[in-house]
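Paired with chain B in one complex and with chain C in the other, chain A is shared by the two complexes that follow.
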Partner chain A sequence: MIVDSRSIPHGSRIEADLCIVGAGAAGISIARRFAGTSTRVVVLESGGEAFEATTQDLSRGENVGLPYFPLDTARLRWLGGTTNHWGGICRPMDPEDFESKAWIPNSGWPIAERDLESYYEPARVMCGVSSGDWGLETWRQRDRFKPLPVRGDRLDTRIAQIVSPEARSFRITHRAGIQAARNVVLQCHANVTEIETNSEGTLATLFHVATLDGNRYTVAARQGVLAAGGIENPRILLASNRQWHEGVGNRNDLVGRFFLEHPRFVGGVLVPFDRRLSVGLYDHHKVGAVRLLGYLGLKQATRDQEQLVDVQMSLHPTLAGSFQRSAESEDMKALHALVPALRQGHIHQLGGHLARVAEDLTSWQALLIPGAPLPAPFPEVVGKLMRSTPFEAQALIPDLMGDIAARGYAKKFGAPIESILLRTRINAVPNPDSRVTLGDDRDPLGIPRVRLDWRLTSLDRHSVRRSLEVLGSEVGRAGLGRVRVMLDDHDGPWPEDLAGGWHHMGTTRMADDPRWGVVDRNCRVHGIRNLYIAGSSVFPTAGSGTPTLTIVALALRLADHLKGLLA
Partner chain B sequence: MDPGAETARGGRKPVEIHAAPLGRLFAFLVDALLLTGVVFAFSMALDATVGPAVSFRAEEGGAGNGFMIHRDRVMLAWILNVALGAGYFIGSWARRSGRDLPSTPGQRLLRIAVGRTGGSRPITLAQATARWLLLMGPVSLCALLGIVAPASRAPVALASLAWYLILLVTTLRSPAGRGLHDRFSGSIVTVRARRAGPGSSP
Partner chain C sequence: MIERHGLSRRQFLVLSAACGASLVARSSIPSWLSIPDRSTPAERLARLLRHRSSARVIGAAYLRHEPSEARLTSLVELIAGGLPGGAGALRSADDALRALLAGRVQQDFAEERTVCLEGWIVSRTEARLCGLAALT
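Moving on to the complex of A and B:
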């Protein structure tokens, strides 16, 4: 059932068995696991069923470390959370992601992949991922694109799947399931402002809720789960500082520390000898109904030998001038804007985009002799084609067919490549100085806004450089081309295009020892008997995959753990 | 009622055997091919005299490479080509010489001819012009709009496609094979009568 918390009587106290804070990927997964049981579940969600700027503004914060996205654009605050605009790229963690490595400080999880294995399948279904097959071998046989033909002893190609756009938002795919569950009450516009504990700090007794229109009430639950995202989870704990000046669950000053991202930037360029080198596997593409994306990485043995963190390398071809212009053209933008404009009912914009697309699709007519009864190109066009080499003739396709048709041609048959940008993504080193703290500013509910100090280490930098060098030597050995590494190994500034992957991890990390982690292996906050955390804030390391599938797998595992406690 | 059909069945006047649609289509294709060849040669001549209507711009590094359209020359090509096409078709249909009904070279190849309904007389210049306009007008208009208002290309192309479908359907459904263009211009496409001779049929 979904209700609006603004209509809940002011000052009331709601009793529940389980209180979940946040209805994003993690919160919704737990709530749905409880649907139809006898457990009384209350889900407190800050946003409503649609985007609201005033609610989104509660996520505003300050960046004081490495350049980062404005914090109010790096996540979403309404039903479904950030899944309302995530990219849908999914890949589970690899078994070695859970292992501790002597040369990577603070690495290793207290659980192993086998502890999560059985939850990845239901998580896949929850997320709308098409296939449960993650191995390259299966796809290699079915995919028309092949992996880069380099020797496989140091490099490997990994496969991620992409959830289709219409199945991405948890708000759309799971709303009906929540609405139909009689034991689940999802309260929209309910902002948790504080967690109150007993006097010893061992039990979470009350969740304080405030709405932007001034309503206030509390929820008391036997068990509580914070599922507000990788930045809001530590914020809520730190801001609950009336009883405990350091905040709740923060006796060891770990809440908010170890903030992890998947830093991304272009670290090198591959110039292929053959302009038709096939790299389609490393771009978004489909095999049957399954959307796939490949990327390269060093094999575990090579990383161990070289003492590196994992760096994933994705290949972004820059096509021959005319094709590149087509890919970036206003016509392509209009094509991409068509569906959103249609979905959002922006009829005025839709007309403009349609006209642009139609004009481009018929642009070839401009090269035909006007007034001829049959389509005949001007003599100059025929002459140009006859004088061109096959490569030059191919480069003329965008001029002859228009931008949209040329893009379709490039996708289907491949276009001549000028160079290939190597975008690197780091499974960054957990760093206690990379952290989320409370800032001086307060939001309209009186809660301090967050201050993010994102930092990376020299091992991150060295790993990128070495990974690209290894790729370069393998590419050279295979006679495919040359790689230019653009990152030096000194502790200078990071590349200007450094960005995150919108993945906020590590801020309430998992460890068996309370001196090293905020939550234990069951995601329970150390020292508090009934408070749990769901989401990527519990990840001790970022992993080589993307976070959301693992967030959901961990959430389902936590739900089963809680079911045992609440039975 | 379709006047051509009446004539064909009536038996009072010389019997017109209307031409089969496939043969007509084939004849049109022959004419179109022939005319396109002439138009292409014409374009080459124009290129040589007034300059090319389209030229390729090659820049160092290839960044700005692409075809450049010279609109004034394209416009000139359109005017001349449309005039050429009109002359070809209208001239062929309205010609008055000899005993046979007039026809285009393609029609002659397929042994069909265009005449007035209800008789075996050629159509007038006005009728021929109307017939040409109804048949070739949309393509010519499409080409003109493509030059002066490129944004209108797609809707106009769709509209003319619809028009040709209408012509096709009305031709197929008419017992005398008279599509809208024939009905509006008062024409009918018939099988050419063989010259009288021993054993020949009417």
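Moving on to the complex of A and C:
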């Protein structure tokens, strides 16, 4: 059931078995796992069922470290949380992501991949990921695009899946399930401002709630879960500092430290000798109904040998610039010629036409660039194609249309490539100085706003550089082209296009030893018997996958753990 | 291991075409088509590159990086030393020599005998060929 907390009487004290703070990917996954049980679940969600600027503003904060997104744009504060605009790119962690490496300080998880293995499948379903197959080999059989033909055994191609846009928002896909669950009460507009503990600090006794219109009440629960996202989780713990000046769960000064992102920037460029080199596998494309995206990385053995962190390299072709030609171009004429050819059933002639049409694809690409002029005949021609095709040709149309939309057509027929930008994404080194703290400003509820000091290390930089050098050597060896590395190895400034992946991790990291982690292997806050954390703030390392699938797998595992305790 | 240096993108594009692609592509031309000549090994090697002016720019960058190699005899020796048959390989017909050099370039990459010129990862052999072009 979904209710509005503004209508809950001021000063109430609500009792529940389980209190979940936040209704994003993590909070909703736990709540849904409890749906239909006898456990009384209260979910406290800051936002409403639609975006509201005043609520979103509570996420505003200050960036004092490496340049980062404005904090109020880096996550969303309404039902469904940041899944209301995430990219939907999913890949589970690799088994080695959980391992500790001697040359990566603070690496290693207290759990292994096998502890999560059985949760990835239900997590996939929760997230709307189409297939449970992540191996290149499976897709190699079915995909019309092939991996870059490099030899040697130092590079891998890895496959991620992309959730279709309509299945991405947890607000849309899980609202009905929450609404129908009689044991789950999701309270919108309910901001948790503080967690109160007993006098020893060993039990979370009350969650203090405030609404923006001045309502105040508390929730007492047998078990509590913070699932407010990788920046708000530490904020709530740190801001709960009336009883404990360092905040709740922060006896070892770890809350907010080890902030991790997946830093991204263009680290190099590949100039192919063959301007029709097929790199379609590394762009968004579909195999049947499954949306895929490939990227390159160094194999584990090479990384181990060279003592590097994992760097994923995605390929972004820039097409030859000669296609800013007008609608009078030969290629556009060829496109016009498709219509009668299709109508007359001259399928056998189409190959040549299609190949010529492909030559114009860079101008079609312009269609996808906001503000670029549209080639006039294009929509008209496509419209005609749709209306006037004989039966045999119809199969070609979705292919043609879909691929144009997905930019895959350019690669399918080989629009000439000028160069391929190599965008690198680092599985960054956990760094205690990269951290979230409380700033001096307060939000309208009186809670200190966050201050983010994002930092990277020289091993991150060296790993990018070396990964690109190895790629350069393998590409040269295969005679595919030459690579330019655009990052030096000195501790100078990071590239201007450095950005994160909108993944906020590490700030309440998991470790068996309370001196090294905020939560234990079951995601329970060390020292507090009934307070748990869900979300990527518990990740000790960023991993080579994307976070959300693992967030959900961990959340489902936590739900099962809590079920055991609450039974 | 890779060593590092500097170059413009345009120069590099021409270099790629000159050193990598053309060596491999032209090695498929039958060797009886090549015309025997009496030029020095350095001249012969340098002439295999189609885009001499670009090769000179790259070669100059390489020689700034490796001043100790900035002599025709050293460069010829170093290049020949990497070919099967050593100096004898330089007596091969042009296309056979191109094929040998292309193979050596590939091997350089496989074994990371590369140099980094303004970020570009270039095989030692191709950099040295450009060095010859710069000196002839």
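Quick note on the criterion: the second predicted complex is superposed on the first by the 475 of 567 C-alpha atoms of A that agree within 3 Å, B and C clash if a C-alpha of one lies under 4 Å from a C-alpha of the other, contacts with A are read in each partner's own complex, and residues count from 1 in each chain.
Just so we're on the same page, contacts are C-beta pairs under 8 Å (C-beta built on N, C-alpha and C of every residue); 3 or more make two chains touch, one makes a residue touch a chain.
No experiment lies behind these values; they were computed from the predicted model shown.
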> Taking the superposition as given, does A:S473 touch the first partner, chain B, the second, chain C, both, or neither?
Replying inline: second
>> Just to be sure I read the superposition right, which of the two partners does A:G152 touch: chain B = first, chain C = second, or both, or neither?
In response: second
> Can A:A180 be said to touch chain B (first), chain C (second), both, or neither?
Replying inline: neither
> Is there a shared patch on chain A that both chain B and chain C touch, and which residues make it up?
Replying inline: none
> For the complex, which residues does chain B have touching chain A?
Replying inline: 31-33, 35-36, 39-40, 43-44, 47, 52-56, 61-63, 65-67, 69, 74, 77-82, 84-85, 136, 139-140, 142-144, 146-147, 150-151, 153-155, 157
> Which residues, counting only chain A, touch chain B once they are in their complex?
Replying inline: 320-322, 355, 358-359, 361-363, 365-374, 376, 378-381, 384, 395, 399
> Which chain C residues qualify as touching chain A in the complex?
Replying inline: 2, 4, 9, 12-13, 15-17, 20-21, 24, 102, 105-106, 108-110, 112, 114, 116, 118-123
>> Quick check: in the complex, which residue numbers of chain A touch chain C?
In response: 151-152, 268-269, 271, 273, 469-470, 472-477, 479, 481-486, 488
